[in-house]
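Notes follow the structure.
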Amino acid sequence: MGLPDDYRAMARIRRFEERLAALKDDGEIPGSIHLCNGQEAIPVGAARALRDGDHVTATYRGHGWALARGVDMAGLFAEMMGRDSAVNGGRAASPYLSDPSRWFMGENSIVGAGVPIATGAALTAQRTGSGAVSVVTIGDGAMNQGNVHEAINLAAVLDLPLVVVVENNVYSEMSRIEDMVRIRQLAERAAGYGIPGRVVDGNDADAVADALTEAVTRAREGSGPSIVEAMTERLVGHYSGDVQHYRPAGEIASAREREPLARIRAAADAELTARLDAVDAEVEAEVEAAVTAAREVPYPDPATVKEHVYV
Amino acid sequence: MGLPDDYRAMARIRRFEERLAALKDDGEIPGSIHLCNGQEAIPVGAARALRDGDHVTATYRGHGWALARGVDMAGLFAEMMGRDSAVNGGRAASPYLSDPSRWFMGENSIVGAGVPIATGAALTAQRTGSGAVSVVTIGDGAMNQGNVHEAINLAAVLDLPLVVVVENNVYSEMSRIEDMVRIRQLAERAAGYGIPGRVVDGNDADAVADALTEAVTRAREGSGPSIVEAMTERLVGHYSGDVQHYRPAGEIASAREREPLARIRAAADAELTARLDAVDAEVEAEVEAAVTAAREVPYPDPATVKEHVYV
Amino acid sequence: MSESLRYIQAVNAALTWALDTRTDTVYFGEDVALPGGPFGATKGLHKRFGSDRIFDTPISETGFLGMALGSAMTGLRPIAEIMYADFSFVAMDQIVNQIATIRYSSGGRWKAPLVIRMQQGYSPGACAQHSHSPEAYFAHTPGLRVALPSTPDDAYQMLRTAVTSDDPVVVAEARMLYPTKGPVRTDAPVEPVGGARVVREGTDATVVAWSRMVPAALAAAGTLAEEGIETEVIDLRWLNPLDFDTVGASVSRTGRLVVAHEANLTGGFGAEIAARAADECFADLRAPVARVATPDVPMPAAPALQKAVVPEAAHVVEAVRRTVRR
Amino acid sequence: MSESLRYIQAVNAALTWALDTRTDTVYFGEDVALPGGPFGATKGLHKRFGSDRIFDTPISETGFLGMALGSAMTGLRPIAEIMYADFSFVAMDQIVNQIATIRYSSGGRWKAPLVIRMQQGYSPGACAQHSHSPEAYFAHTPGLRVALPSTPDDAYQMLRTAVTSDDPVVVAEARMLYPTKGPVRTDAPVEPVGGARVVREGTDATVVAWSRMVPAALAAAGTLAEEGIETEVIDLRWLNPLDFDTVGASVSRTGRLVVAHEANLTGGFGAEIAARAADECFADLRAPVARVATPDVPMPAAPALQKAVVPEAAHVVEAVRRTVRR
């Protein structure tokens, strides 16, 4: 692992999101989208700590997690285009998609609701002795939702193999986290559940991988859940169409210097730069091919609309 | 304050609950009742830190708080008898009664639900500059309910004059708190909200009064909420009819040595003992008079059943 | 073979059957394991099946209903207990936005074979927060199956059906019926989901009821028979799937319909039955469709007031009389 | 005097009026203060009224709806915003067990003059968790007033009414109607709670609708008129208090009833209207009562699928035709 694999994995996510934004502007994406530009190092670093069979539960900002865990890129585009994709047949779209074949429990567009669900995947792992771990990612603002509190304590009491990743990107929609809690780091809450809490640089895939490996190993060994708070920044709006009038001047510009891809680029010598350029070109081609393939996917047949309400 | 006033205040509660249990056995109380025998020092100590206009929100186990805050004893008996009491006209009964004239926001029979409501009383105090404080009491088990988490953080962020009293009586219904959290003291969670948390001997009215005075003063000064965890023990079942098969042999017996009234009795010299005996006699008379008065209250008129759904 | 059991014992028997015959089941909730449940529904289960299969949770309904969903999605068959139906409101998001939705929204890629067991209804002296009959909220939520057993046998059969269903099922029992005793076919094959039942045949009027109102409706039918009014009583049993065919067929014979439930009148599921009849049975109806329900008030605690609002057999008798006279 | 405003601007105007004329009002919710709300409903309010009167909360709906209740009980007149109606499910306990109940259960000793403002309904591409129309859950909960404005003027008038009401009011706006423009009587006196409105007179059939289905019903009436079918359209406006008199009077003239709403069919509030008609208007009804609603599926995100389930004017046209032909 490590470079340039991580770079490629992150570039895939970045390019996917950028392309998605363009498709949205072109009217090819019906619903609203929540992009993770700038946060790519978190799913990519986390993925390094995971293996097949480990479940991931995410939020509406979960495209990066889906890609990092191997969900088909063309399928994701097609799903978000409202087409009859192999992912969820167009029923879920951008904020609620899932893929059992990649153990991707799904995004969720109810803040915090994924944590109790992820706790359930951890329960299954524990009761069946599968050795699997359940990772759930939420945002900073979600830490103030009751469902997260209940689920983390529940997982702690039952020693469930759960890892809660808090992607602290400073904002919940248009509000700053410092206005929503009276603590410095959200990981401080771990002590209140009697579990480990750790803060990492969420723009450094290696740091994320290390923290997740520690937390995942602990969970696999049956020592219970933990919280990893990954500090990062949003390079784009909360959702498509967010004009970000609430962000101080220069904030995004300076964030661009700290974001994971720019960092690698900044530290790269000529030889590496050349390799990264090559990776970018390949990623660009992969993404374009995925968009082309997605456009081939037909729209869902209205006659099927009542299917799948029940088994 | 202090002895024998506290003794009297606690004895009133104890005797009230004992008499209530007897009335329940005699079939005079229709619904189930949740008694606070053994926990009397908490409301009594807390009341010393409060003044008129300060709101109190409690749980179904809140008879002691109602009495400590001056709600009419006969009215409470009548309410629980299902009579047309001046308290709530028989609509609330034992687990959900309230009295605005005594700033008693009410009990609540949904675990934790009183904390958000108490936060609202604190908001009013803050916005109107009334200088009032809002005190809410919950049990140990309630700390795992999402509503409590959300409300405490909300109060912390808004610097609301709220004091959360956690009556840790070891059990939530039939489950031990040590099986429901992975921490030693529930007050440890205060740090996760960036507010003070303190543990006190809940069987010592002076200790409770001191802790509450500190927390209430802080709140009144605009420095925000805090948590006071009062350690205590239930001398009776969770509710009327709880046979307590789940409690280890001898647990209640040893608790009887630590409970607030027994303590004072144990430390009392002959002179004090005589005074306390006199207090007991007066309390006994007061409670009997209240029961008699309550029995005079008619049952509610069925014709009024649809009144008060709306203003 | 059939045993005579109380309703609550039938629940216990069904849960024993579930944990015994289906190794993928787990049972959790508050005070269910060591204590055996506040009503004894899980008595003896922990002793027999151990902490791997049945365990106590913190007071975190949202947390453990979400846990039920996630474990059902990944291979378990959880049965989660909500002690009182009233407490389902603290976990409504997991029920409505998560449990009911995941299968459809994923395009059928996940299933959620789980049971949410609860008990509902008023009881003398219980306050508004312990008296709800929330079945209409669940029946208005596509993706959920909704079962309301009214007899010990159905408490057993329908709960077993719920456990074997691959869809999420809310089983709402009737607390007031827990002491009632009746024959339970403990060796019957597991029934498929759904199906209303004609529990008394009659020619003059159809009464559709569920849960506690079924015995009330049967008692009413007895009284009415003495007056020469033959009432057909249908135990709806399942609100989802809704077996309206059985209702329609009955109304086509009787021409008169009364719906009875304990939940508040306005927006109660009785409205759905009446609405279907007003559409599908229009030609057959010979009288206005009557509803018997608790009027639109939160449940008062005082029995003197409860008596003034809680529907009983007498209300059904009165409604059928009115309907037949038209 | 009347201004031409968009629906969302009318909401903003009503909130400005509330904070300006009632010093006891406070407004809170997520991203409502500095950001001005995700849809701009609270634009400019923080600048004008300051943090004492309008402030942002953490993502804690249960916490801040409970805060609304407690502050209303103690003298404030809070307006709490739930960003999407779908999120009300995370706070359902505070709505059903607390806010709706406190006045009754206390014997009238407390009141809860608060407003829960939300917006509801599907929109193209929105998933099931952002498309709910939960009005039936609220209308089945005694103690709550339920308002669903369908025009800019009602968005203004009904929200002002809600703010001045001494009972808790859920105001559920129609997100899809936010851009629609219309005259708003900004100087009209504040109306009392309740009241349905006949928005088009007709003799052949009555269509009862609310929220987004009102403009759809009016469009349908226009189409039907071309066929010589005169449709009376009633905007129900308030589900609680329910003004059935207006509905009944209309049905007594037309003899035919169609109810239209976007919420799922089964257990939707349309069932209540149909049930009342099947009882109170039985003698007047000359055809089966028809309901137009979203079939019983969670809302799919793909527009191609949404089009197959979301009710529009064409569905109303078709239902009225069927009804009139009978």
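Each chain carries a letter (A, B, C and D) given by its place in the written order, and its residues are counted from 1.
Assume a residue touches a chain if its C-beta (ideal position, glycine included) is under 8 Å from a C-beta of that chain, and two chains touch if they have at least 3 such contacts.
Every value quoted in this text rests on a predicted model; they were computed, and no experiment measured them.
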{"item": "Partner chains shared by chain B and chain D (touch criterion as defined above)", "value": "A, C"}
{"item": "Centre distance in Å when chain B and chain C are each reduced to the mean of their C-alpha atoms", "value": "36"}
{"item": "Whole-Å gap separating chain A and chain B, where each centre is the average of the chain's CA atoms", "value": "45"}
{"item": "Chain centre separation (chain C, chain D; CA means) in Å", "value": "30"}
{"item": "Rounded Å distance between chain A and chain C, as computed from the means of their C-alpha atoms", "value": "40"}
{"item": "Set of chain A residues in contact with two or more other chains", "value": "89-92, 96, 108, 110, 113, 144-147, 150, 153-154, 157, 179-181, 309"}
{"item": "Interface hub residues of chain C, defined as touching at least two other chains", "value": "58, 60, 62-63, 86-87, 89-90, 93, 97, 104-105, 127-129, 142-143, 296-298, 300-301"}
{"item": "Overall pattern in which the protein chains touch one another (line/ring/star/complete/other)", "value": "complete"}
{"item": "Sites on chain B touched by chain A in the complex", "value": "144-147, 149-150, 153-154, 156-157, 179-183, 188-189, 191-195, 224"}
{"item": "Chain B-facing residues of chain C, complex", "value": "30-31, 34-35, 38, 56, 58-60, 62-63, 86-87, 89-90, 123-130, 295-298, 300-305, 307-309"}
{"item": "In the complex, chain B residues that touch chain D", "value": "55, 57, 87-92, 96-100, 105-106, 108, 110, 113, 115-125, 127-128, 134, 146-147, 150-151, 153-154, 157-158, 307-311"}
{"item": "Interface residues, chain D side, partner chain C - complex", "value": "62, 86-87, 89-90, 92-93, 95-97, 100-101, 104-105, 127-129, 132, 136-137, 139-143, 240, 242, 263-264, 266-272, 274-275, 277-280, 282, 285, 287-291, 296-298, 300-301"}
{"item": "Interfacial residue positions of chain C with respect to chain A in the complex", "value": "26, 52, 55, 57-58, 60-76, 78, 93-94, 97-98, 102-111, 142-143, 145, 165-167"}
